[in-house]
Amino acid sequence: MAKKQLRVGMIGYGFMGRAHSNAYKQVGQFFPSQHEVVLKAACARNEAEIKKFAAQWGYESVETDWRKLVERPDIDVVDVCTPNNLHKEIALAAAANKKAILCEKPLAMNAAEGREMVAAVEKAGVPNMVWYNYRRIPAVTLAKRIIDEGRLGKVFHYRAKFLQDWTIKADLPQGGQGLWRLDVAAAGSGVSGDLLAHCIDTSLWLNGRLESVCALTETFVKERMHNLTGKVEKVGIDDACTFMGRYENGSLANFESTRYARGHKALYTLEINGENMSLFWDLHDLHRLQVFDYKDPDAKGRGWKSVHVTDGDHPYMGNWWVPGLAIGYDASFTHQVADFVKGLETGKPEGPTFRDALETQHVLDAILDSAKSQKWVNVGRG
Amino acid sequence: MAKKQLRVGMIGYGFMGRAHSNAYKQVGQFFPSQHEVVLKAACARNEAEIKKFAAQWGYESVETDWRKLVERPDIDVVDVCTPNNLHKEIALAAAANKKAILCEKPLAMNAAEGREMVAAVEKAGVPNMVWYNYRRIPAVTLAKRIIDEGRLGKVFHYRAKFLQDWTIKADLPQGGQGLWRLDVAAAGSGVSGDLLAHCIDTSLWLNGRLESVCALTETFVKERMHNLTGKVEKVGIDDACTFMGRYENGSLANFESTRYARGHKALYTLEINGENMSLFWDLHDLHRLQVFDYKDPDAKGRGWKSVHVTDGDHPYMGNWWVPGLAIGYDASFTHQVADFVKGLETGKPEGPTFRDALETQHVLDAILDSAKSQKWVNVGRG
Amino acid sequence: MAKKQLRVGMIGYGFMGRAHSNAYKQVGQFFPSQHEVVLKAACARNEAEIKKFAAQWGYESVETDWRKLVERPDIDVVDVCTPNNLHKEIALAAAANKKAILCEKPLAMNAAEGREMVAAVEKAGVPNMVWYNYRRIPAVTLAKRIIDEGRLGKVFHYRAKFLQDWTIKADLPQGGQGLWRLDVAAAGSGVSGDLLAHCIDTSLWLNGRLESVCALTETFVKERMHNLTGKVEKVGIDDACTFMGRYENGSLANFESTRYARGHKALYTLEINGENMSLFWDLHDLHRLQVFDYKDPDAKGRGWKSVHVTDGDHPYMGNWWVPGLAIGYDASFTHQVADFVKGLETGKPEGPTFRDALETQHVLDAILDSAKSQKWVNVGRG
Amino acid sequence: MAKKQLRVGMIGYGFMGRAHSNAYKQVGQFFPSQHEVVLKAACARNEAEIKKFAAQWGYESVETDWRKLVERPDIDVVDVCTPNNLHKEIALAAAANKKAILCEKPLAMNAAEGREMVAAVEKAGVPNMVWYNYRRIPAVTLAKRIIDEGRLGKVFHYRAKFLQDWTIKADLPQGGQGLWRLDVAAAGSGVSGDLLAHCIDTSLWLNGRLESVCALTETFVKERMHNLTGKVEKVGIDDACTFMGRYENGSLANFESTRYARGHKALYTLEINGENMSLFWDLHDLHRLQVFDYKDPDAKGRGWKSVHVTDGDHPYMGNWWVPGLAIGYDASFTHQVADFVKGLETGKPEGPTFRDALETQHVLDAILDSAKSQKWVNVGRG
């Protein structure tokens, strides 16, 4: 009855490093299983910082070279929380060392990289997953369940937005601690890879494949000081990206993301309109799912229903508190770890796997191609 | 096929005089019937003002003495829009002259006056109605229909609030144009007769009789300049009034009204909690009814449903525009006139009649008695 | 001091015929001026119907031939409430007869027709206006005032949606009473001319010229029975239309309209994101403007402010009731008539004039061209 | 630089036992200090259950007799998570053993018990705190900061509700696992001690002392099966409780709590209306504070501002994620532990201490007395 250890090696210690660590620590208390997650090692180039992080979060050891970490025999799972431009290299090395891999999103800088990563983990036969955590916000998971029950009927529209306002300041540098998302060399793209990637992953999960897209991107602040050179340089990322598209199921897509929507901090909203039912969700009120049910037997009393997703029979919620008491954004990571472990125990991997996440890379590539060519672009496959 | 004329004599020309006049003018276009409402005469002591009002609204003639108006043979309906302290005298005279009477709320200064008025109209056998217009906001009427279908089951709670903030300024005089509601001699009471009267009327209609109450009143600004004397005098009205109570059906009442709730303009909200269903309505979003249905077959998807009451099959709405397009507060008066006319045509008077409104006076008397005695008080009858 | 008469000849008696008539009747009571609007004649081919309409709304006479109406010397203003395919012909004839013209939106079937109409009214020198009524919902007018004060700073984004769900039923015929909007011959287009036209007009007013667009249209129900032939025929309208665009001021556009968004009746929403302030409005709660002010001196307490636009100092509201009491959708037409009259009295015509509305036609043409060619299209001018 | 250990002995393992344990585990990662919280021992009579709990949460040892626990020299802090009827006895023993005490709310069964407990901890000089966790929901803490800045001006009203619906089912037993809150012998009272206690604590913190109250209680389900006797017995708790009151600062109180408000899971709302500002908060959307600021320089744009309390400069939020990402209900406990530790380090104890919580007991006693006597009752002191 002793639990099997799952020894984690964490690469990175920023926002996501903290969010994942909290999940590893919570999972055993809220979602007990036959596995025990152990925080084995944390890794970053800055030794002082990573030691401080390891002490604070309870990692048993530290590394300053990720190559060493992925080779350590006492590591079962490598968690990749680095900037995007390192994902591929680390994942390939981890796969070669037969480690399970939990990789931050987006999977890669582009679909070509993603393909290599998929090939690597599939060839190595290692468990793999990408941290598209929004699938496991209970309200979003509830949406998935409702859709899988076939209650929407034919789908006409899917729309999603992810609006922020934190880069309006023109004097923000590109690159540096907490700011690598502005540096195209580290991030690969701007809001598309950072924010739309989330929206696309959720939509592929909920509504199936996107066939073609037509996009518009804009960079409002054309030049910013670069943290590495200290010079004002051209900004290479997209500050805003809007795209239209067509899904395989005949529905239409309307997606938009920006970091220039004053007043919105992290307004990820999604809506799906079916013949019989519509669903709406909003990250700013993450514990609610809005449901319009045309089949409501009370025909004169139809309306949008605000479902406060905190009951014991709501997804994941039976493991938390009591009805009415909301959990945080952070719980989505705890749920993801719980499901990852479940996948290990059942032998049926839970998504999004690297292969699932590759689809999102194809959409991202198509968007950026379209924005450049100003034409409709078919989304690549496989 | 000629329509029967309903010749209105309007006494008063303030806020309510305008609201009623608009309703008289709209009713024939939106709710055609066998009657034609004719704006025959408008009456007020100030001749210049009433002439201006009559010209603007299309009244055929004016009077400066209400006694003359109620005696005119070419008047069928007397509309009493004066301050509260004149309601009784005018209504008695109108009844004596066999006029139908539409009286502003509250019916009277107190239950004793109300009793006299009920006796007068019933003895005279004249149609009578009181302008508790909120019954005919479509969302409130929809609530009534749902309740009458028995969908709530046993009722546990009824709560209502009417919050405003317009008298916080200490330099507002008591009395004068638009300010007679601050003068106890003209108004009889403060927020209780002005605002709670509406809440009580709706609640008696939706939830039945109140048996007993216990109230708290407060006058925050103790002295104000009086417009008649020009002197600073003690304020006689209640600025705020809260009461608890017990309904005949076993449910509990919690009512509150104030003119000192900063940020609320006319926040009349009501909520009723039944075993199987709860309903909520808010005047600030008057076109929505919030419905929680415990019998929702979608047990894992229960939530508060926001019903946008603008469909053709919602109460009154088939006579207006198309779904999604809201009507205003003012339409409630148009609906009331339409129903008053319907009552004439069917022979079944629509409420609230003077007798219905007398019940509200009894509750108001009990509230003020309780606030004074600091004890629970049984609500009077008949 | 006698008022000058403004004798209206109304062509059409449907939804808009009623909405405009209500406005003509209300304007003198709520927005008194030196003019008196007189309902002189109503016109439609169906004599029985137009007589009934005229009787109900108080039109003095009827016509069954619009050519006669526009020639009548006792008509000052022609109100064009016909299907779109008749706008041009009627407007040209009315202009030739020196009538002022109030034309329903969209101005025309396309920009070419619109150009002719602009030329005609400008040559004739007759007052002219198009019923894009949403400019005069008080919350929208307030948005305009705030923008004109320069409080937004540089604008980054403008987005608008107009979502409905009333044509999801596949057995709805194309054409016939209340359904001409489904018939491409009568309507010219589907949601673009019907719904996006409103969104475009408001946006041009609030945010200036659109330079280029890229659009996607879809017709979900490909064939419907035609009311004239009784046969199932190909549907020629767009059921859904999404477009992206670029404004002259550098901001990006994201617009979407559909009649297949289950749960939305008339969800016209607009949002504008500026450097210093964002604004949001929603027709389903038309009396509220949502404002985010980055310059809020309470920096730690920034948030979206829900302004209940019912105070006396809000646009138009001083002429209605008291704070907190909402007016309806219909009031926007009353405001438009009031402003039209004001334009006559001041000599400064209030928009949207035919020339203003021609801009919207150019955008509509560009959208439909783009959807067909699958390319970005520059918006035409003049 | 070694941290000082704070060795916790937890008594109880239910809902609160879990919530506190999660807080103890999180506090070091999110709110690092000079102390290290160690989960030393967990205690409950049921040995199998407490062993399971200890294993899951990482407690080093277990006890089945709380007397042993409070005497253990390796325990620094005793956390009392038992039913209310055991609080006093345990606290007295813990104080006698010089343990710091963190006691679940309400402090005691009544003020008399509470007085003994206060005397005990003060005499022993041990740190003490009561788990009124809602003070440390960031939006509520923000409200406190705003109030302390004096921005509200004179306060007129304070209202709070705590509405639930989980005991409507008549076949729920009184007593037993998770149901001791229905057993008057274990709980002391119903919604008053359970739910209103929270509302009262927050209000005393935000608005000062309550001077007098007048209350109404009701027990809707009069008899329930008792889990201990297996017989249907009279229910001794209050199912619903409403009270009015007067604060020392001249403002009026309106409080209500029930477990019979269908559709509400844990709807704790509070509102305070001041001369210059009003604040509103709702546990169902716990990350938002609604603020109405009459001093808003934008006088024509006043409205209720929805502050999404997730920015780095909002209370506690700098230690969590990034703007827009909400934390859960559970974080309030983590904040409380963080502040408890801070109190130890600064020497200035953070509230609510036992003495603070005694005030709430006095209000609860007054409420129950008033409901019984049907009279106004002055709130006891000290």
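Order as written gives the chain letters A, B, C and D; numbering starts at 1 within each chain.
We adopt the following convention: a residue touches a chain if its C-beta (ideal position, glycine included) is under 8 Å from a C-beta of that chain, and two chains touch if they have at least 3 such contacts.
Since this is a predicted model, take the numbers as computed values, not measurements.
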B-C compared against C-D, more contacting pairs: B-C
Centroid-based (C-alpha) most distant chain relative to chain A: B
CA centroid of chain B to CA centroid of chain C, Å: 36
Chain A and chain C, separation of their C-alpha mean positions in angstrom: 42
Between chain C and chain D, centroid-to-centroid distance (C-alpha), Å: 55
Two or more partner chains touched - positions in chain D: 264, 302, 304, 308, 311
Chain contact topology (line, ring, star, complete or other): complete
Complex contact set, residues of chain D against chain B: 156-157, 159, 163, 165, 168, 214, 216, 218, 220, 240, 242-244, 246, 250, 252, 254, 256, 258, 260-264, 273-278, 292, 294, 302, 304, 374-376
Complex interface listing, chain A residues touching chain B: 142, 146, 288-289, 291, 293, 297-308, 311, 313-314
Complex contacts: residues of chain B adjacent to chain C: 15, 18-19, 21-22, 25-26, 28-29, 32, 56-58, 164, 166, 264-267, 283-286, 308, 310-311, 320-331
